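Here come two complexes built around chain A, the first alongside chain B, the second alongside chain C.
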Partner chain A sequence: MKGKWTGIVSLILLFFIVGCSSSTSGSGGEPDFPTKDIEFVAPASPGGGWDGTARAMQKIMSDEGVIEQNINVVNKPGGSGEVGWQYLRNQDAHSMAINSSLVITNNLLGQSDLTYEDFTPLGILTTEWISVAVSPDSEYEKGSEVMKQLKKDPKSLTIGLAPGLGNNDHLSFVQAAKEYGVDVPKLEFQIYKSGADVVTALLGGHIDVATMSVSEAKEQHKAGEINMIAVSSEERIDGLDEVPTWQEQGVDMVFPHWRGIMGPPDMTEEEIAYWDEKISQMIETDAWQTVLENNEWQSFYKDSEESRQYLEKQTQNYEELISEAGLTD
Partner chain B sequence: MGVDFQNVLEGLMVSIRPINLLWVLLGGLLGTVVGMLPGLGPATAVAVLIPITFGMDPTSALILMAAIYYGAMYGGSRSSILLNTPGDGSAIAATFDGYPMTQKGQAGQALTISAISSLIGGLCAIAGFILLAKPLASFALRFGPAEYFMLMLFTLSAIVSLSKGNMVKGFISMSIGLILSTVGIDLQTGVYRFTFDIPQLSEGIDFLVVIIGIYAVGEVLFNFINIDSIIPSNNKIGKKWITKDQWKKIKWPVIRSGPLGFIVGVLPGAGGSIASMLGYTTERQLAKRPQTFGKGDPAGLAAPESANNAGSVGAFIPLLTMGVPGSGTTAVILGAVIMLGLRPGPLLFENNPDMVWTMVNSMFIGNIFLVIINILLIGVLVRILNTPPKILYPLILVLAFIGTYTLSYSMIDFYILVIFGLVGLIMKLMDFPIAPLILAVIVGSDMEQNFRKGLVAHDNPFNMLSASSVSIVLTIMTILSVLYPFFIDWIQKRKQKKV
Partner chain C sequence: MIQKLLRVSLKTKITGMVVGLIVTLIVLLLSIFTYFETNQIFSNKKTISLQTAKTISYIPAVSEALQEEDNDSAASLQALTEKFSIQNDADFIIIQNRSGIILTHPSTERVREYQEFDDGYRAAVFGGYYNIVSKEFLGKSVMGKAPVLSEDGEVLGVVSVGYLIDNIYKEIFDWVKNILYIALAVVLVGVCASIFLARHIRNETLGLEPREIAALYRDRNSVLSSINEGVIATDESGRITMINHSAKTLLNLSHDIVNRPIQENIPEVNVTNTIKKSKSQLNEELYINNKVIILNLTPIIEEEKLVGAVATFKDKTEIKEMINTLSEVKKYSEDLRAQTHEFANKMYVISGLLQLGSYEEALEMVQKEAIDIKNSNSLIFELIKDTKVQAILLGKMSKASEKKINFNVDENSHIEELPSHIEVYHVATIIGNLIDNAFEEVINQTERRVTFSTLDIGQDIIFEITDNGSGMEKFTLTQAAKAGYSTKNPEKERGFGLFNVNEVIDELNGSIEITSNNSGTTFSVFIPKEPRGK
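Showing the complex of A and B:
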């Protein structure tokens, strides 16, 4: 009996060794990674941009055969990303989380100890652009006219945004105002829970100016219910050719609302290379292009190395703007 | 605005295609089931289904998700009526008279009344949707911070005034709820309040955890304490079908609450909890004999049931016409349909009328399916009442914990759940009304934010009261609802004197 078992065990071991060696040497340097299910952490509830990015990646990577392993999306909402990112910190290289400017600004605003340096940036994927909109009945028809008024009297207009001070929608407005010479700390912002609430408030005439993602404003603008008067992109946006950029209006700034992906700290070179390869494969697919179009996102791809440099540069920029807005003591 | 009935009819034809009938049936069933389980609400169900809807035709996906949403309105009140443990804010009002009916041995009838009222409320709202979608959407826009604040204040004052003879306790209960609602990040300033460096608390205490804790866990604890003295509960299911007399009692409340719930549902800042509470309080104040409310009056069950289902249909108006979700569930639905390449907004009715009207018609069919499903289920559901407490209560506890975990997958919520279980127990032992606390937790934070935004816009609180015709009406109604119990007392005393 005993002999039989030893035989079986050694046979299994043999298979195992052969299996491993063939996968490392045989098929052209495929690394020993990943070895188990992949996990995408969306540090928010289902339904928003982070969750949407994670689920789109999950769908495409498995449908298009980019990754053989099972991919699961887990939602870890709370603390503007804090809960999900804290969770990621203690995972291995099979887990990664969606991020955005909040991974930098939470720390600058004193709301978190984490920064992007506590993680391994793996890539920046998409960006949205940020628009400023007014009511069609408004006396202002250009972004620069709004700024001119605010320069004269910073308290004369109420500006709506969501969901918190220090986010992209806020900081992009701050940057435009700063470039124009407005007394930024005196501006009056009203904070709403979601972009949709900001749109409603603008439609109902409860705020004068709104700053929000282009995607949140586009439908109402097309229908003539609100008037988009500036976008934060470098060039005019496809399908919104009538809306001038800030740069065209003499306000020298470009402000992306990017979303990226990062892994836990201390990933190996191979693991990083693996993700660089897979992510660059994914963004080439037609399915990814459809996702971008449906969500009004633009491709903003940067690989792991470029992402790290980009995040460093963004940190400086956000730091300046946050102190300009009077959000730090 | 005229309605193009051509489009409505074409939508009907698409909605009765077998595949779409299948989706609406599946969605309705799933909604009923998740609605019944504490914590597993329609938002979770829709979110879990998002990957499945990816490959679907957008119209079918919308039909499915909508069916889950209003299916949950039917299912949500089952546990309120049978076990006094609502699974969601909109099902709380069903405990007021639904559970007493069960205690009186009328569980079967209570479930039937709830299903029929939901159906009628839903049908009123669908008619309203077809005729009034666009004008109502622009009416809803007039609700600024001042109006929302007054609406919420009115709802709270109405619910406190319900605790008649006990208004002080009701007021204390509401105040505790308001205090709890201040936990979390303050939107206007970004300041963290009472979060004790726990990141999970930064978005506040989820009101669903409070509901599950106070009702489900609290109810279980309460029954454990009294387990020796428990009187063998009235296991009679009673008749299933309602009597002519009951129909007479519920007829008008149902028909009145439908449109009321519908209009509240259209307001993006309100939602099912406010709709059903207002349905209940309105009927109680209109009733000839309000003293029967809270003791198993069929009208007290029918009104909120009609209102919350009508509200769930109404919630689709801001979603589809403005791209503005009015509740957690519609927010998830919005995310899902955007993924499918649809853009809810003012152009949707012009660009995709077929889709909108197909969905509206499928709601009509879905409501009829649901009333049949729910009446057929009564026989099975009432057996819950025959389950021995030894089995039933641990089971409720397990469901409560699972439901809580699915809300945000965090352990912190378990502690909060247990704490509120104890709070619920204490409140029950000391005979404090629970509804004011829950409602205050649900609306408290929005009410505060609206108040502060209103202050910026109107400079002082008194200007807010008279900011528009809507807020004047709401102000008057608030004052009336506070004075109402005293007024009733006065009338009764006078009557007694005469006698």
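Showing the complex of A and C:
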């Protein structure tokens, strides 16, 4: 009887192994890549960060001769990236899409069934940082003072953000608050359509605190219209040297707003290697440096393998951040 | 222990196995189905709870009610959620406002209670839609959570739609129970079928248990292979169902002929006749492969129905050879008795002559006898160097003398000692039989004369026996060598004489020539000096 069972078990195992090996062996071929035009999917309308990244890559890769094939940028706006990424899923290795942490949070917040595991991460390119700003005539001059007040009474301040809950601006603020020990569920957030509206609301006194990306707030801060009191970066940002990081203020948190690039599922190792080579070539160019400077982006380069690991880690972090109130004490 | 467990009756064994198999299969299938069904039910509950929570959260009246928060709106929310509960079989639908105050609850006394946003955190803070398993409300349950959002996108409240795990398991248990009834029915059918099957098999095996059949089969095989008789069994159509080793050697069958018609291989055995008449044939003599075989054919009758036949064989040649050897020995003793008798007669004559005082005559007779014996014997001893041949000839001389036959050894005869492969049996059979035949042949003649001559010059040893009998018919010549033929008294069953001679000559690779006319017959036997096969 014993022998019979081992026989059955090993038979099942055999089927399993055969099944696995046949599924992996299928993705061999395609000696020369690429064989046709390249397509960059920007899962948003023209003008945003995703579109900007895609167009900058297109321009540099073509102009600098990194890739000889034609490169086209297609815009697939909708569903916080969902439309573009769903489109990418059914393309071949000649298509790729710009992504960001939304590829993780959309799923965690029940907006999408897709996760980064449905794609092939090819690289992380840039990051922006997220700032907290108050009105110049606010009684708070540091991020930690805001948090102190919120800890005392979470409902005492209204926080403005755009364009919706669950984005990085929101998450970054929540994480800082959580680190500081604020009762997060009680926080009062006010949602606006755009970053400009948030600034207007802050100026008009409708909100007490705003959380937005550094690039959105920098101009007004420089003009003295608003006061940036914390950034989510590790170190102070060039050109904004007077703004302290959260870490400096005793809030142990770094929160990048990264953008990367990913391909359709089931890419071969050759195809992945091809993109690793081309992207690393691209980020070395002067033109790319100029793009970073112009857009207030920082280089945040990670190759395909590092990206995959990073996305895995980020998913864990986000899950933790989103699921746990962190006020168990 | 296991051995003992396995030594049960066929019925128990089959029933046990079938029931065991069915039960194992049912348990296996049931657990697999239950596993999938459980997953399915849970996944359904998750989808439905989340879907319902979303649907409720999208209803404008809900967000309005959450913004207004007066008694009317609370009552309308309660009514709304109760309606949804019934529609979706949900155990509870709970709406909390932004502060965590419960606005709707299946048990109204809990309305206005505060429930911290712990498991509702993701919805309350981030506006997430998700499933969660938690004990937040009423007990452990699968919940779908959805935020109620304002037009701007701020969270106004959280909808939780839940299914209690206990109730889900009850649902699964009911499902399994129904399947178990069916399974029980299947087991019952299996038991009946296996009992029927066991009965059927036992009918086919004459009520014998398999191990008994195996024992019988082993016994039969060892019995059949241990006997010298050939045994062949056939079915009713004459196909061979069994043949033992002795039968194969006897009939010189090397290839496998089981399942072939017996007529194809041994046409001499008339099985069809036996089967047709369903009557035994006993002690039938057959001549197959140069062997005389005694055949017994018996039909196999089972419950007055013919199912086949059994043929048993004995090699009659073997028996005959034994008998013949015996008869040779018997002849020698008779020959010796004849010699003794002859000698006694002569002694009486001499003693008579001595009593009568005819000493001269007595002396004369003794001297004549002495010379006679010396002559004939010395001739034999001089010419014939082989002691076997000498012994036979001396014996025959006495017999001839008794029968008043003039038996001479040709003066030109010469033979050295015979090669070792020619044994006394061979010589006795050839010379003894031929001389005896010649004696019988001339017994009716007035002048009885038989001459024996032998020569071993050249490749062959030649024996020649000539009589002055009346000769043989041509017909008899060809028949002469066949078994059972004899021109002599057929009642006495001595016809195997020539047949045996023939067989021995064949065995020694020799040949026999018979020349016959009305003044006598000569048998010439040629035996090669070298044994055959060399």
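Here is the rule we go by: the second predicted complex is superposed on the first by the 292 of 329 C-alpha atoms of A that agree within 3 Å, B and C clash if a C-alpha of one lies under 4 Å from a C-alpha of the other, contacts with A are read in each partner's own complex, and residues count from 1 in each chain.
Keep this in mind: contacts are C-beta pairs under 8 Å (C-beta built on N, C-alpha and C of every residue); 3 or more make two chains touch, one makes a residue touch a chain.
What you are looking at is a predicted structure, and each value in this text was computed from that prediction instead of being measured.
By the touch criterion defined above, A:Pro185 lies against chain C but remains apart from chain B after alignment on the C-alpha atoms of chain A.
In the superposed pair of complexes, A:Leu108 makes contact with chain C only, with no contact to chain B. Contacts of A:Gly65 after superposition on the shared chain: neither chain B nor chain C is touched. Contacts of A:Glu324 after superposition: chain C is touched, whereas chain B is not reached.
Of the two partner chains placed around the shared chain by superposition, chain B is the only one that A:Ala196 touches, whereas chain C remains out of contact. By the touch criterion stated above, A:Val174 is placed in contact with chain C alone, chain B being left untouched. Shared-chain residue A:Gly166: touches chain B and chain C both.
In the superposed pair of complexes, A:Lys222 makes contact with chain B only, with no contact to chain C.
A count of residues in chain A touched by chain B and by chain C gives the higher number to B.
Contacts of A:Lys76 after superposition on the shared chain: chain B is touched, whereas chain C is not.
Comparing which residues of chain A touch chain B with which touch chain C, the overlap comprises 109, 111, 163-166, 190-192.
Against chain C, the residues of chain A that register as touching in their complex are 108-111, 163-166, 170-171, 174, 184-187, 189-192, 322-325. Of all residues in chain B, those touching chain A in their complex are 43, 47, 50-51, 54, 140-145, 185, 187-190, 192, 199-200, 202-203, 268-269, 318, 322-325, 331-332, 334-336, 338-341, 343-348, 408-410, 446, 449, 453, 456-457.
Across the interface of their complex, chain A is touched by residues 50, 99-100, 116-118, 121-122, 124-130, 146, 152-155 of chain C. Chain A meets chain B in the complex at residues 45-48, 51-52, 55-56, 58-59, 74-80, 82-83, 86, 109, 111-112, 158, 163-166, 188, 190-194, 196-197, 199-201, 203-206, 218-220, 222-223, 225, 290-291, 293-295, 327.
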